[in-house]
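Order of writing sets the chain letters: A, B, C, D, E and F. Residues in each chain are counted from 1.
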Amino acid sequence: MKSFLYPKINPHSFAWVRPEGRAPEKVHEWIQPLDGAADPEKSKEAEIIVVGVPLSRSSISASGASEFPDAFRRAWKGFTTYNLDEDIDLAKMKALDVGDVPLHVTDIRRCHENIIEASEALHSHFSNSKVCAIGGDHSITAMMVKGLQKSKPGERIGILQFDTHFDLRDMSDNGPSNGTPMRNLIESGVVEGSNMYNIGLHGFFNTKDLKQYADEKGVNYITLGRARKKGIEATVLQCLDELSAKVDTIYLTVDMDVLDIAYAPGVPASTPGGMTTAELLEGVLAAGRHPKVKAMDIVCLDPLKDTNVQPTVKLGTHVFLTFATGVMLR
Amino acid sequence: MKSFLYPKINPHSFAWVRPEGRAPEKVHEWIQPLDGAADPEKSKEAEIIVVGVPLSRSSISASGASEFPDAFRRAWKGFTTYNLDEDIDLAKMKALDVGDVPLHVTDIRRCHENIIEASEALHSHFSNSKVCAIGGDHSITAMMVKGLQKSKPGERIGILQFDTHFDLRDMSDNGPSNGTPMRNLIESGVVEGSNMYNIGLHGFFNTKDLKQYADEKGVNYITLGRARKKGIEATVLQCLDELSAKVDTIYLTVDMDVLDIAYAPGVPASTPGGMTTAELLEGVLAAGRHPKVKAMDIVCLDPLKDTNVQPTVKLGTHVFLTFATGVMLR
Amino acid sequence: MKSFLYPKINPHSFAWVRPEGRAPEKVHEWIQPLDGAADPEKSKEAEIIVVGVPLSRSSISASGASEFPDAFRRAWKGFTTYNLDEDIDLAKMKALDVGDVPLHVTDIRRCHENIIEASEALHSHFSNSKVCAIGGDHSITAMMVKGLQKSKPGERIGILQFDTHFDLRDMSDNGPSNGTPMRNLIESGVVEGSNMYNIGLHGFFNTKDLKQYADEKGVNYITLGRARKKGIEATVLQCLDELSAKVDTIYLTVDMDVLDIAYAPGVPASTPGGMTTAELLEGVLAAGRHPKVKAMDIVCLDPLKDTNVQPTVKLGTHVFLTFATGVMLR
Amino acid sequence: MKSFLYPKINPHSFAWVRPEGRAPEKVHEWIQPLDGAADPEKSKEAEIIVVGVPLSRSSISASGASEFPDAFRRAWKGFTTYNLDEDIDLAKMKALDVGDVPLHVTDIRRCHENIIEASEALHSHFSNSKVCAIGGDHSITAMMVKGLQKSKPGERIGILQFDTHFDLRDMSDNGPSNGTPMRNLIESGVVEGSNMYNIGLHGFFNTKDLKQYADEKGVNYITLGRARKKGIEATVLQCLDELSAKVDTIYLTVDMDVLDIAYAPGVPASTPGGMTTAELLEGVLAAGRHPKVKAMDIVCLDPLKDTNVQPTVKLGTHVFLTFATGVMLR
Amino acid sequence: MKSFLYPKINPHSFAWVRPEGRAPEKVHEWIQPLDGAADPEKSKEAEIIVVGVPLSRSSISASGASEFPDAFRRAWKGFTTYNLDEDIDLAKMKALDVGDVPLHVTDIRRCHENIIEASEALHSHFSNSKVCAIGGDHSITAMMVKGLQKSKPGERIGILQFDTHFDLRDMSDNGPSNGTPMRNLIESGVVEGSNMYNIGLHGFFNTKDLKQYADEKGVNYITLGRARKKGIEATVLQCLDELSAKVDTIYLTVDMDVLDIAYAPGVPASTPGGMTTAELLEGVLAAGRHPKVKAMDIVCLDPLKDTNVQPTVKLGTHVFLTFATGVMLR
Amino acid sequence: MKSFLYPKINPHSFAWVRPEGRAPEKVHEWIQPLDGAADPEKSKEAEIIVVGVPLSRSSISASGASEFPDAFRRAWKGFTTYNLDEDIDLAKMKALDVGDVPLHVTDIRRCHENIIEASEALHSHFSNSKVCAIGGDHSITAMMVKGLQKSKPGERIGILQFDTHFDLRDMSDNGPSNGTPMRNLIESGVVEGSNMYNIGLHGFFNTKDLKQYADEKGVNYITLGRARKKGIEATVLQCLDELSAKVDTIYLTVDMDVLDIAYAPGVPASTPGGMTTAELLEGVLAAGRHPKVKAMDIVCLDPLKDTNVQPTVKLGTHVFLTFATGVMLR
């Protein structure tokens, strides 16, 4: 039976069997699927909302990132809800998996519209929750943010981005692909360039004109080299401080290609010289703790390219849990 | 410098260094790229035209079939032009690689239109040549055939299809995806169902309603089991015989998922119980020899999923060379 | 909520979302999980019972065959219920997935006892159904058959086995491992050697003393070479004919290592020179059609060793569907 | 011919050809197999004893860690005996490979008893040597320590553990699996909780009740985060200092899952956010130098899951050589 | 201690532990290493001589075929000595593994000379045995045959070759590489072209000039297509019949690239459209039975490229055992 | 048409299609192939010369490093010319890819002579450019340096080496293999031991006698441990300072096996405990900036062993671009 969010959100394709008569210990026992019988009002208590956005046909290179939402759900079984570093148990927070945004095979524009609508619906209904979008490729970020804005008209939105790339490509070339989300948001007037903070740029992975565009629009960026020197946590805190002074709501987007390719074999666009796992987790935790961060996404992770023991899928899942830890520590 | 076919066809991304002062021995020495200085009239002498159609974002499942045209070109180096079984040398035929159909990242409809235009342009210009489209997913077949028809208005076109699937899905669900090309051609009136012959259906890979649709439209199909009993070559010959009586031009489409998955690890939709390599090559050779077969394609081969020594990319290349052998044997 | 079979059978770990308001088209829409609210009496209508037996720590070599039941369930999504070769739709038969036999990590004897109990419970309750055990390693066969016998005391049981090995190793060496099931059944008096028929032996994969033991006990075996000469279907039919004259119930066991290693990279014990996929499917279909075949299993398939596109998991699933087709054709 | 340790220890399955007439340069030339003709008394001179414990059917998840002892031996060829960092040559120490503990396929309890007996025999005979057990899964640690205690009744034993997990699961659930060794030792009174020091815990890989049990029993643990801040070497030294004041003998157990999954693709339980190779080697060297460390093990490394060039097998071997370096530096 | 064949043959790098007090059951228990204490005269009783020829730096393409001799020896453990198809036990024949031909890293000519010397020494000493050379790449065949001829001056030698290629390339281009062995033997006068029989040629894998050279020299070849029509066994028997009438000794060379790439992922030069495993084993068995076949080799199998469960290494080992079966059946 | 460097340098096997009418943005658009029509004088303006040296049959272990030059060229497409960290655009420097050194299949000595001649020709013609040799195995370094010396008689040459090994093996054992280049240069009097600086030695990967030889010859080495303590950049700067005082020209050789195996799965000789990517790039950048560094090479990277998304090929390419950045920053 479909939930009250249907047809804006589809149920996802499978559900874990949950424990009876004991508290959840593993993540798959903790995160509740939103089933058809759910009470809309009661559902608003959830602090964490998970939504799958399995779109990657908008990716410039062939991508299986569409498979990450399900791979992510299957990976839950390998994680407990208890964070030993912080000595807190996520199971004390309510978390809902509302399902996947419905998509179309050959009409990408419609996919993007569906994501905007789904995001608006989620942010409207779950107005006190943190909405976590599990991509999919980076084109979804522009759509999730547009939906967020529609749900909170008049609010200023800022973005904290972990990325090896600017993602500021010109949409007139190839439409709203995964190379364009930040430009999309600037050009559509949803987010000002000066309210965007990108951490992690490095190497030979951006053309010079993108850097020039970023400068023109006042996009803030801290290369990985500089962030390392200052400390990742300190860098994130400073970005959030600056953003807080300017915006009402902060959206965190984690492009997994910010990672060094040794840590992320399942992210085809990851590169040599990127972040380590420890650095990314440190940054995401800091972001999760900030009270203005209301939404986040994890994008560009292609499970079909991951190696044998699924290191990247596990890492993507860990990023989400680390964000949730930050939320709980607020 | 771009060729006279530009902007309908782009130059491909790289070119092999060719031999000086001796006849070609390997395939990459034989097939000439169509460069910017080429004389349009002289180019018409080519008997074989290769065109890349690197589109797979129209695929229902995540697919890297878009990478096959380049993988195919890189594989040429591993094949000689001399066919020992038939004792003929393909190098005596002229073959041109005209490049790739230009595509768009986020507008699949425009991609399809581009393919139709490119096909029409190729069939108009190279009216005596065999046009070989290297996909890409199966959605391209409908577009290549539509372009063929536009170039030869009034001609009746028939199709010989090697496939595990009908590819007769309803376009109203998800548009012209890789599950729909045959229905697309029927519904658009380009090819009649009764002029379609499908060889290779088997197992649990088609829903019942597709079979009912096929029956309604008079689509002809010979399951793999029946084809094996009769003999693959005999089956193909009989289909071509029947078709010849009804149409002016026959289009051959080779969906590589017709193969058993043991032979085609790089075709995600291949299945247990499919054709062997020897069977497919036997069928393609027979088709290549038939005078009414004027065009063909090879689709749904995803090199990103192939195993270590690239067996499927090599097999896809062999299918093309076998077709060319058939053409030369006419 | 646990079903009426609990604690003999656990619910499995996840469930597919099922279609609303239309007939099932894919296998994951067809096979119903046995949920806690199920009516025991009504459940008996099911013609096919699937039970997972995820035990492989009893395997001589390190094995991940314990992961097959879940891999098998996940693979359903890739198959329709409609068998095109036979033009029948499995969805017209009722099929239940009752879950997994509960197992213990370090007490293999207890695991085996649990399997016997589960098998007895299933055969007692679903006395008109075909019980399909999804292994796991081959040690489970002895236990499934013992449970079958307990549920039908006094009946004579025969076995049709597809295997590269005799599986007649001496249990006094290493207990009831995956090398011993047939000897286990002979020595425990559950099945007579002369009521066992093994198809598929070949090559250098059995020691001579096992062959001598087989001869002493009157075990029937047809090497792959001889079966090929006679025809696989004809061989199976003859074995079933002979068996029918001697026993009340026939148990079919498919050790996936009977396959040639080119067809079954995910079966570590598969070998060069084994059966092709087409041969195995032909044999299983013939077995499935025989009215005395009341139970079957599929064993020794290790999804952790399968290659990229999961050819062996898909093949194992196809074996099950082919058996079900046989049942429906009876 | 079997050695004087038979039947408590079997010869291993193969032996390297050793150099004639020159000193050993590679590890496979240095470590001597204990052959049947060896003089028991003379053998006691060995400072390093290697014993294989190829048991992993006691692992909660399907594991091929049983294959590590042989993979470890095959890897010796890739390492010299000369440690360039410390400018010492291990070849000056005598090292013996005594073979493997005999195991049973289906009786895990018997396997565990055999390990206890083998450990006792080794520690009794080689009372001045360091016994290095090459696992196998982590269940073997409890057994190796029990054997050690039997050989030295009355001595207090402490444990230094590198691990992502507590390994304090309740044995009443699933017996002495690889999740339980530390609890096993506490509950059997062999090692007090307060004499256990765990370095490396982090993330979401332990349930909260295990942490509570650890606290109740006074188990000492330093999370990876805290160890990093203090320095790995300093952390190890402080643990060893504290332990030295309380116990007579220290046992070092290296669960390879303490490593970040990027460094240990061949350890299925390794996780994102774990130790780097450099950190683990630094810790193991410090432990190896401590005079009270008399025994060690390396567990949970599954060579069947390692990637192409065997990074994890090489790393496991390096851990052993680093420990031996520490011993030589004492 | 080195054997009496040293320095022409080195001991191989490791030895299996052999059974005590019982007959061998597995291949690694059967084939005896030739150790330093072996009695030269007594050693002549061996019917089968195995020698490793780990040379592949003479390969045109980068090759790890040098690793096959050791991979072959490690694979023995997976095979029994008992051939069930023929009901014979190889353990009744004496088999010796004499070790490896010593090779040089940067002087390929010296490698080739060493192989000639080793072959001569083996054929001289073991004049009644069948010498089986385990390559290495195909360049070794010319050297093994030259050594054979030196040991039997005046005898006429013929060759039966399973191969996808002629291996008749011109040595003046790149020296005696793996593309040249047959031409090498013709040009050096060791074997006449008319005494060479090649079975398995097919497809686009030979340039036309090689076919012309073959025709000029009278080399006999039966394409795979023709051999299939006649039957592989019948084809082999006819070739051997013809050869017997012309020569004293027949050398069998099995280039593993004759196999279809689906069966031989570990042979980089294998191709789509090649032999099946069953066909090759049928051919090798027939050759092994012929009394004039005195030597054989297996070449061009690169274990570094094999897939997970080592299908090609297992198949290469099976080819050897099948040949030995033929010898025993004489 | 072959360039003026022919026959000392062959054209490489393929060429990228270059942009028309706009500045290059990607590396494959920037680096110009040296085609046959190039003006020799004008070509001297190039600051960076790329030459492929696809030799790895001189490698001690089986190696596919011969495939790196082409893999390197194919990887260019994935990198922009703009270095964001330093805010400079490489496209402002002229770079030429002159092709590959011609090699022989079976005569390694001739290969080495060809490399010396090619190096001499390049350094003579492009006397103000930085010549970057893309290996191939480490044996090529001795040859490239010998050619450099021939082109600049009387100049003193020094070497900065990143390596896990000394590469000082004795050539009398196995000739000028990849284990010998530094010794080769010392013994041939081309470079004095005291003018060699090796950074990165660690662990158990050099025999003691090599260290003793290094000490005798005054070779300078800084182990990875010591370099880390001092800082990689500071270590490199100090080595270059010392070298500058002693030599006229510095040659940088980057043996990719200096990397930790987690970062370099495509370097079979990489080891646990090696450099991180960030460390190597830091070191190479510092070296590239030094005015006396006139030539460099990248060796021992085997693309055939790289994992799925080609992390090591990408890293090798990044090393080159980082060196070029250093050159531009001079």
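Criterion: contacts are C-beta pairs under 8 Å (C-beta built on N, C-alpha and C of every residue); 3 or more make two chains touch, one makes a residue touch a chain.
It should be emphasised that the depicted structure is a prediction, and the values quoted were computed from it without experimental measurement.
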- Message: More than half overlap in residue numbers between the two sides of the chain C-chain D interface, or less? Answer same or different.
- Response: same
- Query: Using each chain's Cα centroid, which is most distant from the centroid of chain F?
  - Reply: C
- Message: Among the chains here, which has the CA centroid at the largest distance from chain D's centroid?
- Response: B
- Item | Interchain centroid distance [CA atoms averaged], chain C/chain E, Å | 40
- Task: Please report how many Å separate the Cα centroid of chain B from that of chain F, as a whole number.
- Result: 44
- Residues of chain E touching 2+ other chains? 262, 305, 307
- Query: Which of line, ring, star, complete and other names the graph you get from chains that touch?
  - Reply: other
- Task: Identify every two-chain combination in which the chains touch.
- Result: A-B, A-C, A-D, A-F, B-C, B-E, B-F, C-D, C-E, D-E, D-F, E-F
- Query: How about chain B: which of its residues touch chain A in the complex?
  - Reply: 56-60, 62-67, 104-109, 139, 174-177, 304-305
- So in the complex, which bits of chain D are touching chain A? 201-209, 211, 223, 225, 260-262, 265-268, 270-273, 305, 307
- Note on the structure: The answer for chain E against chain C in the complex is residues 25-27, 79-85, 87, 89-90, 262-263, 277-278, 281, 307-309, 311, 314-315, 318, 321
- In their complex, what parts of chain B are in touch with chain F? 1-2, 11-17, 20, 77
